[in-house]
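Each of the next two complexes has chain A plus one more chain, namely chain B in the first and chain C in the second.
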Partner chain A sequence: MILVLLILIPLLVGIVSFLAKDAAKNVALLGSLISLGVSAYVAAFCGTELVAPISLTWMPAIGTSFSLAADGMAAMLCLLTGIIFPVVLLLNRNKNIENPAAYYGLILLSQAGLMGVFLASDALLFYFFWELALIPVYFLCSKWGGERRIQVTFKFFVYTFVGSLMMLSALIYLSLQTNGVNAMSWDNIINAGKALPMMQQHLLFWLLFLAFAIKMPIFPFHTWQPDAYEQAPTQITIILSALMVKMGLYAVLRWLIPVLPEATAFYADTIMTLSIVGIVYASLIAMVQTNVKRLVAYSSIAHMGLMCAAAFSGTELSNHGLLVQMFNHGINITAMWVIVNMVENRYGTQDFKKMGGLASTAPGIAIALVIISFANIALPLTNGFIGEFMLFTGIFQSASQYHIIFMAVAGLGIILGAVYTLSMVQKVAYGENNSGVLAVAKMSGAELTAVIVLLAFIIGLGVFPQPLLDLVLLK
Partner chain B sequence: MIGFLINGLGWKSMPKQAAGFLASLMMLVSFGLSLAIFFEVKAGAADTIIPLFDFIHSGKLLIPFAFKIDALSSLFLLIITGVGFLIHVYSTSYMHDDEGVVKYFAYLNLFVFSMLLLVMGSNYLIMFIGWEGVGLCSYLLIGFWFKNRDYTNAAKKAFVMNRIGDLGFLVGMMLVLYNFSTLNYNELFAQINTNQTILSGGTYTWIAVCFFIGAMGKSAQLPLYTWLPDAMAGPTPVSALIHAATMVTAGIYMIARSSVIYNQSEFALHFIAIVGLLTAILAATIAIKQYDIKKVLAYSTVSQLGFMFLAIGCGAYTTAVFHVMTHAFFKALLFLGSGSVIHAMGGEQDIRSMGGLGKKMRITQITFLIGCVAIAGIPPFAGFFSKDEILAAAFAHNPVLYAAALGAALMTAFYMFRLYFLTFSGKFRGTHEQEHHLHESPAAMTFPLIVLAILATVSGFVGLPEVFGEHHALNEFLHTAVTNFGAHHMEHSTELMLMGISVGLVSIMIGVAYVRTKTPNFQPNTGLAKVLENKWYVDELYDGVIVSPLVKFSGFLDRIIERKGIDGGVNGVGKLVRWGADRMRLLQNGQVGAYLFTMVIGIVLIFIVGLFCVNF
Partner chain C sequence: MKAIIAATILGIIMMYAGFVVKEKKSVLSIAILLFVLLLGVNVWELGTAEWGVSKSLFNFQIIISPFSIWFNTLMTAATLLYVLLMGNDIIKVGKHVGEYFALFFFILVGTFMLSSFNNMLIMFLGIEIISIPQYILAGSDKRNLKSSEASLKYFLMGAFSTGILLMGITLIYGATGEFNVSKFSFMQMEHLNPLVLTGILFLMISFAFKVSAAPMHFWTPDVYDGSPTPFTAFMATIGKAAAFVGFIRLFHTSFASVSGSWTMVLAIITAATLFVGNITAVFQQSVKRMLAYSSIAQAGFMLFSVVSVSALAWQGLIVYAVAYTVATLGMFAVLLKLKDYTFDGFNGLAKKEPLLAFVTTIFVFSLAGIPLTAGFMAKFMMLQAAMSQGNLMWLVIFALLMAAISAYYYFRVIIAMYFKTGEAELNAEVSGTDKFLLVLTALIVIAIGIAPQILLPAGI
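Moving on, here comes the complex of A and B:
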C-alpha cells in the first residue's frame, strides 16, 4: 500500500493545489515534504515486507494490471524524486508567478507520474505514467517558459512523443508474444522478449532504444535538450534534467537490457561508441557556450553519455556505479541549477559576459558554486567521484574489444569537463561584477536550506558512499 | 591519534583574528604527532595499517579508507608538517593585511590535510583523493586574489594541466585493478613479489608509464610543466609550501611508493630518467634569463624536480627522496626569503629594480645566501649531498647522463647567484619611495627563515655518503619501504673525484655570476637569450597547437554541426512530415474507386511482405 501512497500523495496534493489559488505554493511544498517522508520510508525499508509489491486488477481484457514494486533501484529513484521536489519548491518563493495554482498543481502531477514510472511493473502502466510525467512538463514549459518557449516546446513535444509511440508499439508487440494472461507484466514481457528470434529482437531493440535515447538524451538525438533547458523555467529544468532524463536511463535498465539481452549484447559496441562520442562532442560544445544554462545542459549530455556507455558495458561494477551515479548526478545537477537560478535572478541574465564578481558580491553563493562545480567534475570526496570512478573502471573492464579506447576517449571528458566547468566558475564568480546590478541579495532562508541539503548529500555521500551503494542493490 | 590529526586539520571556519594563530597551532600539534610517529617508526615499529571504514565495496572491489604508516610516509609527514608549520607562522605576518585571511588559512589547512591523506593512504585510491585534494587547494590558492583575471587563468591552467596527468593516474589505477583486483599497496606488492611471471613486462611498463604521466602533471615535468611558473600568481608562502616544498614532490612520493612496480620495467625507468633530465636542463636554461624573482625560483623548482626524476630513473629512489627533503628546506627558505624581499619592496617582483637590499635586510640576505649555497651544491650544505648523490647515480648509470646533469647543476649555480647578486648586492635600482620603504621583515617572518636556514645547512648529514666513512642513515631508514633498483657501488676514489669536479665547477660558475652581475646591464635580449627570456615559446606553442585549434573546432561543432547539421536534420524531418502531410491530404479526395484501388494495392503489398518474411 505504501507504494500507492507515493503516487497518490502528489496526485491528490496536485489537485488540491489547482484549487488552492494563492496558497498553492505552500500546499505544494507541504505535499512534497510528505512525499519525501514516504519515499525515505520506502528507501529505508526496501527489501523488507514493509515495502511489499502490489497488484490490482485493472484491465484484464488486455492483460494489464495495476502493479507496483520497488527494488533498490526504484526505491533510490523515488527517494531522489522525493528529495528534488521540495528543493524545487523552495526556490523562487518570492517571485511572482502567473497563475500559481496551475503552476504548482502541474509540478506535482509530474511528480506523481515520475514516481509511477519508477514503480510500475506493468508495461502499459509504465507507459501511462511515462506520459503522465511528461505532459505537465510540456504545459509548464509552453506557458511559463522563456521567449522562444512555443517553438522549443513544440519540438520537445514532438520529438519525445515520437519516442513514446515507438516505445508503446514495441511494448504492445512484446505483450502479444506472451500467453495472454497478465500479458503486460514485467516478468512476462521479459520472458517473451528473451524468447524472440534475433531479427525481431533487433527491430524491437531500436524501437525501444531510440525512445529512451531521445529521453536521456544520447548524441545525436539530443538537440531538443539544450533549447528546452534554456527556455524552460529553471524549476522545470531541474525536474527535466535531474529526474526526467533518469526515466530514459531507468527504462534502459528495466525495460530494454533485461528484455532483449541478445540484441543488447549485439549492439553494445555501437551504443557505447555513440555515447562516448557524445561525451567528447558535448564537452567541446560546452566549452564555447556563452549562456550559462546551455553550458550546464551540454555538461549534462556529457554526463548522460558516460552513464549510458556504462549501462551497455555489461559489467557488474559499472552497473552498480551507474545506479549510484544516477542518484548523485540528480543531486549535483539540481544543485548546479539552484545556483544558476540564484545567479539568474540576481544578475537578471544568463549571459556570461554580464556576470562576474560573485565571490565579492555574494560570497556564500560563490562558495556553493565552487563546491558544486567540483562535484560536477567528480573531485574525490564529493559524491560525483564515487560513481564516476566505478563507471570508468567498469567500462575499462568490459568485455568489448575496444574497452581501452572507450575508456581513453571517455577520459578526455574528465579533462574537458574541468576546462568548461572552471571557465564557468571563473566567469561567474571571479573577476569584476559586469552585471550592472549593484545590490546583490544574499541567499534567502529557503534558498539556503535547499543549498545546505544538497551540499550535505554532496559531501556526505562523497565521504560515506556505502549506504547508497547498499541501497541500490537491494532486491 | 591519526584521527585527531585529520579532524584538527579539517578545521575550517575560524574567527578572523584567531585564524592564523589557530591554524599554526594545529600545524604545531600535527608536527608534534608526526615527530612521535617518526621516532616510533625509527625505533623499529613495524609498518602499521590503520583502517577507518570501507570506502567503496562493490562485488569483488573493496577499497578501505585506511592509512599506512611506514618509513616513507613518516618521513614525508615530517617534512609536510614541519615546513607547513613554519610557513603557517610566516603567513600570519605576511597575510596580515589581507581581507581574505580566514579563507587563506582554511585553504592552507585543507591543503595540509589533503597532503597528509596523500602520503598516509594505504591504497592508490586514497592517494588519489589526496592527490586531487591538493590540486584543488592549489587551484584555490593560486586564484586567491580572484579579481585579477590573469591569476584566475593561472589557477585554471594549473588545474587543467593536472587533470591531464590525473587521467594518466586514473588509467594506471584501472590497469592495476584489472590485473590485480586490488589497489592496496601491501596486497599489490606482495602479489608482484611472489608471482612475477603472470604478467608480461609490457603491462608493468604501461602501469608505470601511466602513473608517471600523473606525476608529470603534479610534479611539473615536461611536457606538463608550464602551469608551475604561472602558479606563482598565488601568495608567496603558498608558492613556498605548495609549489616548492610539498605538493610538487607528490609525484616523487608516488613513484617511490610504487618502486616495486617500477623495478619491473626498465623501459619506464629510462623514460623517466630522460624526461627528468630534459626538464632539468630546459627549466635551468629558462631560469637564467628570467627577471621576476619568483619566476626564477619557479623554474629552479621545475629543474630540481627534474633532478629528482633523474634519480628515480636511475633506480635510486631513496636519493630522490633525500633530495625532496633537502629541496623542501632550501627551496622553502628561498621562497620565503623572496617573500620577505617582495614584502619590503611593496609588491615589486622584478629584480631589475632591486639591488643592494642586503644592507637593509641582513637576516633575509644571510638566510637567502645559505639557500643559494645549498641549492648550488657547496659542501657542507644540504644540497651538496643530495645533488651529489644524484650525479653519482647518473654517472654509475651512464656518463652521458652525468655530463648533462652536471651541466644543469652548473646552470643552477649560475642563475641562483645571479639572482642573489642582483637582489642583495650592488646599488638599489628602484624608485626613491621604494628605497625609503625598505625594511627587515618582522620576527614572525624571519624566525621561519632562520630555522629553515639551519635545516638547509645540516639536513644533508642524514645522507652522508659512504666515502666519509659513515653509513647512509637515510637509506637505511627507508629501505624497509622502498627498494632501490640495481644498486651499485662505486669506487670511493671515483666518487671523490666526481665531487671534486662538481664543487670546482660550481665555484667557477658562482664567480662568473658575480662578474656578470657586477655591472648589471638590462639591454633588450636578442637571439638565444630572447628565446630563453620567452621560455622557449612553449606557452605560445601550446596555445597555437592545442588550445586555439580546439576552441575553433568547438565553435565549428557548435555553429555548423550542432545547429545546422543535427538540429537542422531534425527540423528537416519535421518539415518533411508536414510536406508529406500536405501531399497526403490530396489522397483523401472522396472518390470510392480511388480508395478501393489503394486498398487492393495495399493488400498485395502486405502479401508480398508476408511471404518474404515467412521465407526469411
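Moving on, here comes the complex of A and C:
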C-alpha cells in the first residue's frame, strides 16, 4: 500500500491545491514534504516486505492490472523525485505568480505522474503515467513560461506525443504475443519480447527507442529541448531536466533492454555512436551560448548522452554507474538551475553579458555556484565523480569493437564540459561588476535551505557514495 | 424488436404532439419524456433477452442478438443525452420543432434495423430510414441558403450512393440467388464469382460514403458546416455510428470468409481517410468545420473495426462509437454556447467560464486520445484489434502518426482557451442545468476511460 501512497499523496494534495487559492504555495510544499518522507521510507525499506508490490485487477479484458513494484532503481528515482519537488517549491516563494492555485496544483500532479512512471510494473499503467506526467507540464510551460512559450511547448508536446504513440503500438504488439492473461504485466511483456523473432525485435526496438530517445533527449531527437528549457519557468525546467529526462533513461533500462535483449545488442553500437556524437555536439554548442539557461540545457544533453551510451555498453560496471549517476545528475542539475534561477531573479536577465561580479556582491551564491560547477564537471570528492568514473570505465570495457574510440570521444566531451562550465562561472561570478541591477543580493531563507540541502548531497555522496550504491543494486 | 416497434410508434406520437402542442418548450419536454420511454423499452428488452442467444424473426430477415440490443440501448441513451444537452438549441432552429424530434425517432428505427438485419433488403431499408431524415434535418433552417445547399448536396450525393448500394445488392443476388446475409458466409475464395467481387466493392463504396470515408467524403465538410449546428452534432455522431454498425455487420457476418479479397482495399481507404481528415483539419479556422474534418478522421479510426475481422473489432466499435459520440456531443454543446465559431472565439474562455473550459479540455483530450479518457481506450481497442490481424502493422503506425497530427488541431482549442487572451463571447449565460449536464458528459468520458468494461457486459 505504501507504493500507492507515493502516487496518491501528490495527486490528492494537487487537487487540494487547486481549491486552496492563496494558500496553495504552502499546501503544495507541505504535501511534497510528506511525499519526501514516504519516498525516504520506501528507499530505506526497499527489498523488505514493508515495501510489497501490489497488483489490483483493473481491466481484465485487455490484460491490464494496477500493479506497482519498487526495486532499488525505482526506489532511488522515487527518492530523487521526493527530494527535488520540495526544493522546487522552495524557490520563488516571494514572486507573484498568476493563479497560484493552478500552478502549484499542476506541479503536484506532474509529481504523481512521475512517481507512477517509476513504480508501474504494467505496460499500460506505465503508459498512462507517462502521459499524466506530461500533460501538467504542458499546461505549466504554456501558461507561465517565457515569451515564445506557446509554440515551443507545443513542439515539445508533439515530439513526445509522437514518441508515446510509437511506444504504445509496440507495447500493444508485445501484449498480443502473450496468452492474454495479465498480458500487460512487466514479466509477460519481457517473456513475449525475448521470444520474438529478430525481424519483429528490430521494428519494436525502434518504436520503443524513439519514444525514449525523444524524452531523454538523444541526438538527433533533441531539438525540442533547449527551447523548452529556456522558455519554461525555471521551476518547471528543473522538473523537466532533473526528473522527466530520467523517465526516458529509466524506460530504456526497464522497458527496452530487458524486453528486447537481442535487438539491443544488435543496435548498441548505433545508439552509442548517436549518444556520443550528441555529447560532443551539445558541448560545442554550449560553448558559444550567451544565455545561461540555454547553456545548462545543452550541458544536460551532453550528460544524458553519456548516460545513454553507458546504458547500451552492456557492462555491469557502467550499469551500476548509470544508476548512481542518474541520482547524482538529478541533484546536480537541480542545484545548477537553483543557482541560475537566483542569478536570473537578481540580474533580471539570462544573458551572460549583463552579469558579472557576483562574487563580490553575493559571495554565498558565488561559492555555491563554484561547488556545483565542480560537481557538474565531475571533479573528485563531488558526487558527479563516482558516477562518471564508473560510466567511463564501463564504456571502455564494453564488448564493442569501437570501445576505445567511444571512450576517447566521450572524454573529449568532458573536457569541453569543463571549458564551458568554468567559463560560465567566470562570466557570472567574477569579472567586471555589473551588479548595479542586483535587487536583493542575499539568499532568502527558503533559497538557502534548498541550496544547503543540495550541497549536502553533492559533497556527502561525493565523499561517501556507498549508501546510494547499496540502494540502487537492490532487487 | 420491441425497440423497433416502440421507436416507430413514439415517432408518430411525437409528430402529432408537434401539431397539438404549440409551446416549443412543452414539445421539448414531451420529446425528452418519450426518449426516456424508449430507453426504458430498450432496457426492458435488454433485461428480458437471454445473454449469448440470438433470436431470429420474420423468417430470418432479422436476427436480434445481445450485441444489437446493447448497441440499440447505447444509441438511445446517446440520443437522450444529445436531446438533453442541445434541446434548447434544437427548438430554436425552426418552427416545426415536433418534426425534428420525430425524425430522431425514425433515425433510431433505422439504427435498430441496421444493428439487427439479416437480409440485405432490411439493411437497405435501414440505411434509407437513417438517410432521408438526415437530408431533411440538414435543410431544416429554411431561410439559410447554406442549409438548403447542404441538404440538396447531401440528398443528391446520398441518392447516388444509394443507387450504388442497390447495384451491389443486385450483383450479389445475381451471383448467389440470396438476400440472406448469413448464407454468404459459406462462400469460398477459390470459386468466387466476379459478380460477387464487384458487388462487395459496390457495397463497400456505398458504406464508405455513408460513414464519410475518403475518397467518398467530399460531401461531409459542406453538409456538416451548412447544417444547423445541433443537427450537425447528431449527424456526425449517432448517424455515423448507425452506418458503422451496418457496415461491420454486413462485412463481418457475410463476407468474413472471403476477407482476403477486400481487407486490403478497405485498409487503403482507411489510410486515405485518416490522411485526408487529419491533414485538412489542420488548416481550418472554424471549429465547426474542424469538427467536420475531425469526424472524417475519427471515421478512419472506426474503419479499423471493419478492417480487422475479429471479435475484438465488435467490442472496439462499441467503445469507439460511444466514446466518440459522447465527446463530440460535448464539444458541440460547448460550441453552441459561443457566438463565434472560429478558434479565436474560444480565446480567453478559461478566464470567463472556467468550468466550461475545463469540460471542453476533457472532450478535446478524449478526441485526441489522451489516456484516462474514453477516446484513448477506444483507440487502444481499435489498434489492438488491427494488430491482432497480423499484417496491418503499417496501418497502425500510420494511424498513430495521424493521431499525433490530430493533437495539433485539437490542442488549438486548448491553447485558445487557456493561453490566449481575449473575450470569448457567449450567446447567453450558461445555466446551472447546462453546467450539470456538461459535467455529467465529462464524467462519462472519464468513466469510460478508466473502466471501458462498463460498455462491454459479458455475453455481447
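Miscellaneous remarks
Definition applied: the second predicted complex is superposed on the first by the 470 of 475 C-alpha atoms of A that agree within 3 Å, B and C clash if a C-alpha of one lies under 4 Å from a C-alpha of the other, contacts with A are read in each partner's own complex, and residues count from 1 in each chain.
By definition in this document, a contact is a pair of C-beta atoms (placed from the backbone, for glycine too) under 8 Å apart; a residue touches a chain by one contact, two chains touch by 3 or more.
Small disclaimer: the values here were computed from a predicted structure and weren't measured.
Contacts of A:V158 after superposition: both chain B and chain C are touched. Contact with chain C, but none with chain B, is seen for A:A61 once the two complexes are overlaid on the shared chain. Once the two complexes are laid over each other on the shared chain, residue contacts for A:F139 go to chain C alone; chain B is not touched.
In the overlay built on the shared chain, the residue A:F406 is in contact with neither chain B nor chain C.
In the overlay built on the shared chain, the residue A:Y267 is in contact with neither chain B nor chain C. Once the two structures are superposed, chain B and chain C can be ranked by residues of chain A touched, with B on top. By the touch criterion defined above, A:I150 lies against chain C but remains apart from chain B after alignment on the C-alpha atoms of chain A. In the superposition on chain A, contact is made by A:L176 with chain C only, not with chain B.
Shared-chain residue A:F126: touches no atom of chain B or chain C. In the superposed model, A:Y103 lies in contact with neither chain B nor chain C. Residues common to the contacts of chain A with chain B and with chain C across the two structures: 158. Residues 53-59, 61, 125, 128-129, 132-133, 136, 139-140, 143, 146-147, 149, 152-153, 155-156, 159-160, 163-164, 166-167, 170-171, 174, 177-178, 550-551, 553-555, 557-558, 562, 566-567, 570-571, 574, 616 of chain B are the ones that touch chain A when the two sit in their complex.
Chain A contributes residues 59-62, 124, 127-128, 131-132, 135, 139, 142-143, 149-150, 154, 157-158, 161-162, 165-166, 168-169, 172-173, 175-176, 203, 207 to its touches with chain C in the complex. Residue ranges of chain A in contact with chain B, taken from their complex: 155, 158-159, 199, 220, 222-224, 281, 284-285, 287-289, 316-317, 320-321, 357, 359-360, 370, 374, 379-381, 386, 389-390, 392-393, 396-397, 407-408, 411-412, 414-415, 418-419, 422-423, 426, 429-432, 464-466, 469. On chain C, the positions that touch chain A within their shared complex are 315, 365, 370-372, 380-381, 383-384, 387-388, 393, 396-397, 400-401, 403-404, 407-408, 411, 415, 418-419, 451-453, 456.
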